[in-house]
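Worksheet: one structure, shown below.
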Amino acid sequence: MTFPAPLRGVVPPVITPLTEKGEVDTASLRRLVGHLIAAGAHGLFLLGSSGEAAYLTDAQRRTVLETAVDAVAGRVPVLAGVIETTTPRVLDRAADAVRAGADALVATAPFYARTHPAEIAGHFRRIRAAADRPLFAYDIPVAVHTELPREVVLDLAADGTLAGLKDSSGDDASLRRLLIDPRRTTTGFTVLTGSELTVDTALLAGADGVVPGLGNVDPRGYVRLYAAARAGDWAAAKAEQDRLAALFALTEAGDPDRMGPNSSALGAFKAAAHLLGLIDCPATAAPQIPLDERAVARVRTHLAEAGLL
Amino acid sequence: MTFPAPLRGVVPPVITPLTEKGEVDTASLRRLVGHLIAAGAHGLFLLGSSGEAAYLTDAQRRTVLETAVDAVAGRVPVLAGVIETTTPRVLDRAADAVRAGADALVATAPFYARTHPAEIAGHFRRIRAAADRPLFAYDIPVAVHTELPREVVLDLAADGTLAGLKDSSGDDASLRRLLIDPRRTTTGFTVLTGSELTVDTALLAGADGVVPGLGNVDPRGYVRLYAAARAGDWAAAKAEQDRLAALFALTEAGDPDRMGPNSSALGAFKAAAHLLGLIDCPATAAPQIPLDERAVARVRTHLAEAGLL
Amino acid sequence: MTFPAPLRGVVPPVITPLTEKGEVDTASLRRLVGHLIAAGAHGLFLLGSSGEAAYLTDAQRRTVLETAVDAVAGRVPVLAGVIETTTPRVLDRAADAVRAGADALVATAPFYARTHPAEIAGHFRRIRAAADRPLFAYDIPVAVHTELPREVVLDLAADGTLAGLKDSSGDDASLRRLLIDPRRTTTGFTVLTGSELTVDTALLAGADGVVPGLGNVDPRGYVRLYAAARAGDWAAAKAEQDRLAALFALTEAGDPDRMGPNSSALGAFKAAAHLLGLIDCPATAAPQIPLDERAVARVRTHLAEAGLL
Amino acid sequence: MTFPAPLRGVVPPVITPLTEKGEVDTASLRRLVGHLIAAGAHGLFLLGSSGEAAYLTDAQRRTVLETAVDAVAGRVPVLAGVIETTTPRVLDRAADAVRAGADALVATAPFYARTHPAEIAGHFRRIRAAADRPLFAYDIPVAVHTELPREVVLDLAADGTLAGLKDSSGDDASLRRLLIDPRRTTTGFTVLTGSELTVDTALLAGADGVVPGLGNVDPRGYVRLYAAARAGDWAAAKAEQDRLAALFALTEAGDPDRMGPNSSALGAFKAAAHLLGLIDCPATAAPQIPLDERAVARVRTHLAEAGLL
């Protein structure tokens, strides 16, 4: 496939269905992938944060990619996260992803190790040189504890290292300055927002698309939102976003005294997908604490209020 | 080997010698291991932060452990870092380490993923249950961005999950409270400080030993420091620590406009080991920026001033 | 004056003109206030971060408020920052502000001291009870190092403690959820964004107005932006915002090796106002380092490119 | 008084007794000051974090200083905190403190405003130039959110701007490097640790003294600890420190679901002083939440276990 430049539209970060024993549930993954494409997704992002990449072994990551690539069968581009601490380890994952048939790679800045902006730039250049696939930078300071410097991203866009950015920085002011920079606007550089709560506004500001975790639960809503924005109907886009922002409250279903916000949000996405019949089992990977019955009931209420049940 | 409880003394976090091409230099690693044991090290910690664990592929990590275990030949305990983002990935590394013959495992709290204290506790319990080796918690918030809660550590000490703690938190006030807690003092629980600048004071406070990165450069200095402290000669221990603290300035040899403090420190440890003839090549792993000639000259000056050249 | 509920429109955070000796330049302040109102500002916010409140003595703060209130002469509402570490100190500043004739007060959460959400709520309740003026919460984690919890803001909106929020959190996802919450939408609660780079998108999301530091330099631009948004002409609003986002680059005029980003931005706002003839002297308060000639030349270039010179 | 260089010994950061209505209880303050001096304190630090400086109005701060200076009557040096956001505001507080008779001033780096190291240096130079008193830098990143760069402190020691440092950074590795630096060791520069849990080790490392919040509760313990360390009896010093570290658990008396750790610690210090008969009322300043009866009972238990009741 010729990878679109820019890549535009709704690109859900696909959750990874697991069995009770923690193995990848490939049948559910196939079903979910089919559901998302049928709903109008313009691409799929496997092995991102919503995909629990940080919790999957290398073998599981390979299984996820092979399954998804096969299920997608070329209908939409498949982006593969290659989440690892540093360059040599990312190169191993990138080789796996290329072998599995991914259309593009998505890498963060180094983490655990602390690095200088010049080292971050070298990191992306080495990955791009080693793997013959379009490369996206994944800016996610809440996980990586470094915010990608705007100047580094723009330099790497200008020299062809990066095909795009998945922005989960939450720093919309910096994003705005990147979106209007000539180094980005002249290169077909893709900008996708990772914030499912500000999609209408990101699109108004010039972003190309969105990678919404909540898109696992309501992909049609995000596709409608995107279509309204592209049609210039900002009132309709806002109304759809407001509805989805209300639905997002399901991520707080878990008891904050018993688990972290991450476990609650991932658990809720999976509980919702399970209640909607998209996956067989709502299990999340260890050491995440599962939602209890009361939390699942809260998820069900949110789905019902959103008209999804 | 029966693993000592507590483990006491100087346990250098062994740097990983690399070739220019980035491969593990097993001959240099054997030489370095021999040198450290000859200098009096009471144990060795492989695949820690100083060992560039975050930069090594899984295959390289296995090579490091197999080489070190063989070179040590049971003379001192070998602790193996199993640095990975979450439980399932740590379990893979732990299986590798056990297979390679490590005497104990050292794991951090989950990173990249954000976790709740209850999930951190579950993380360590699962690792201990899966791997039949003493387990140390590695508290290193500068890398992991979570400080291990004192109560969690003490609970895991009391129930036998943890054999010890490698404390690189820099939070000596919290460490003091842990050291005097009955849950720690009644269980043979090992506390090693990871701060090479405060070893005399950590030993006075009750720590069992030290894991000093600078111990790759001057292991005899740390062994003298430890011996003086055990003999109750705190003035001698302080004098030795002051000398080593002055030597530590070599970690700032790199140009801060060109590289991060991590690259500078690791590059300086390796440049020093190279200048001392302990390893064949001072290369650090990608994407770290290597020290230039001026920086290496600074390292040489520090070694000379410390009487090591 | 009956304070508008909600307060809508462009409310510049007025810079505080100083003389070379660091005294408040009341004549320049009167001129600037007149200029902003003539440009169409819907309100003025004195003694905010752009007003260098943290750098002004209590006497200087009183002078600023008395001068501004007199110059405004009731034409638009005057909001007064009461920036102090804790409740008892804010109460002193609030009494000063009421005496000087401010129409509303703007207070942050406590800082320096670390406080619990319940204490933050008590802080605002005590201020509201003591000062008979509408009270705005100022959410500025970059200065205060606490983000106001959304639930606390909504509770204080519902019970009438807070009339509004000035949001400089940069957390647009959380802001979106606040904007759609029934506790906010039923109470005439005002939400103003403090981010001058995302005004079009904040207005699309439902914010009532904006407090743009850059509005000291180009108030007409922000008034045009606001009018286009209110008219539903989002393409025009976006074009105006993009132009202002490009102009915002003047805040980086200062040399980052010599001064902090704050000094650079405040220095640039004042240099621009000086070049535009709005104030007599571009001095900033101690210990901020002043812009040098090269930096001022950069500011001049940005103004020229924006057609403001 | 000729101010000692260096200042050595135990310098409690005196809590500020308040009445139920929140006014300074000058009679209790006199009694407490007398008690601390009788216990052997080598100096007193008024208006620090333990003194609730951030919660006191300017008038209350003046009352505290005037009362304390009068009660001390020259028996030991009085250090006065001048905690304010920036230079011009600190200068006002410094003038108040000099007028009230303080022997030395203690200032933090600017806060709320973000500043560059060059601006921090200018800040201290201006304060020293304006106030004819020895000046101490107060390094307290938990409140100020900047750690004082070691190089800045050493430059300001070398040029005579700073007479000393009160170190509450908790960064003992950096402190160690400062203690051995020739710029500090040749100038009579005072280093006091603000950590009440690591006094023995700080003294071993070369610190001159300690500013222990817990010293309000058990000043004799800290005086004994200091004397043992000065006599080179490190085993006795350690034993005393361990006892005090156990007593420190009283700072966690407050319910963490209802209040912050700051309110709990300050409330506990005051509850203890009240139970010991040193002050008439345990009230803390608004908006801090007071300890409830169960919390006070916990404080009482800790005092009893420490043999203080």
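Note that the chains are named A, B, C and D in the order they appear, and that numbering of residues resets to 1 at the start of each chain.
The rule is short, and it goes like this: contacts are C-beta pairs under 8 Å (C-beta built on N, C-alpha and C of every residue); 3 or more make two chains touch, one makes a residue touch a chain.
These figures come from a predicted structure and were not determined experimentally.
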{"item": "Graph separation of chain A and chain D (steps between touching chains)", "value": "2"}
{"item": "Neighbouring chains shared between chain B and chain C, ordered by label", "value": "A, D"}
{"item": "Interface numbering overlap (same over half, different under half) for chain C and chain D", "value": "same"}
{"item": "Chain centre separation (chain A, chain B; CA means) in Å", "value": "35"}
{"item": "Pairs of chains found to touch, sorted by chain label", "value": "A-B, A-C, B-D, C-D"}
{"item": "Partner chain D, residues of chain C touching it in the complex", "value": "22, 49, 54-58, 60, 83, 85-89, 91-92, 110-116, 118-120, 122-123, 126, 142-145, 258-263, 285-289"}
{"item": "Touch list for chain B against partner chain D, complex", "value": "170-173, 176-177, 180, 195, 197-198, 200-202, 204-206, 232, 234-235, 238, 241-242, 245-246, 248-249"}
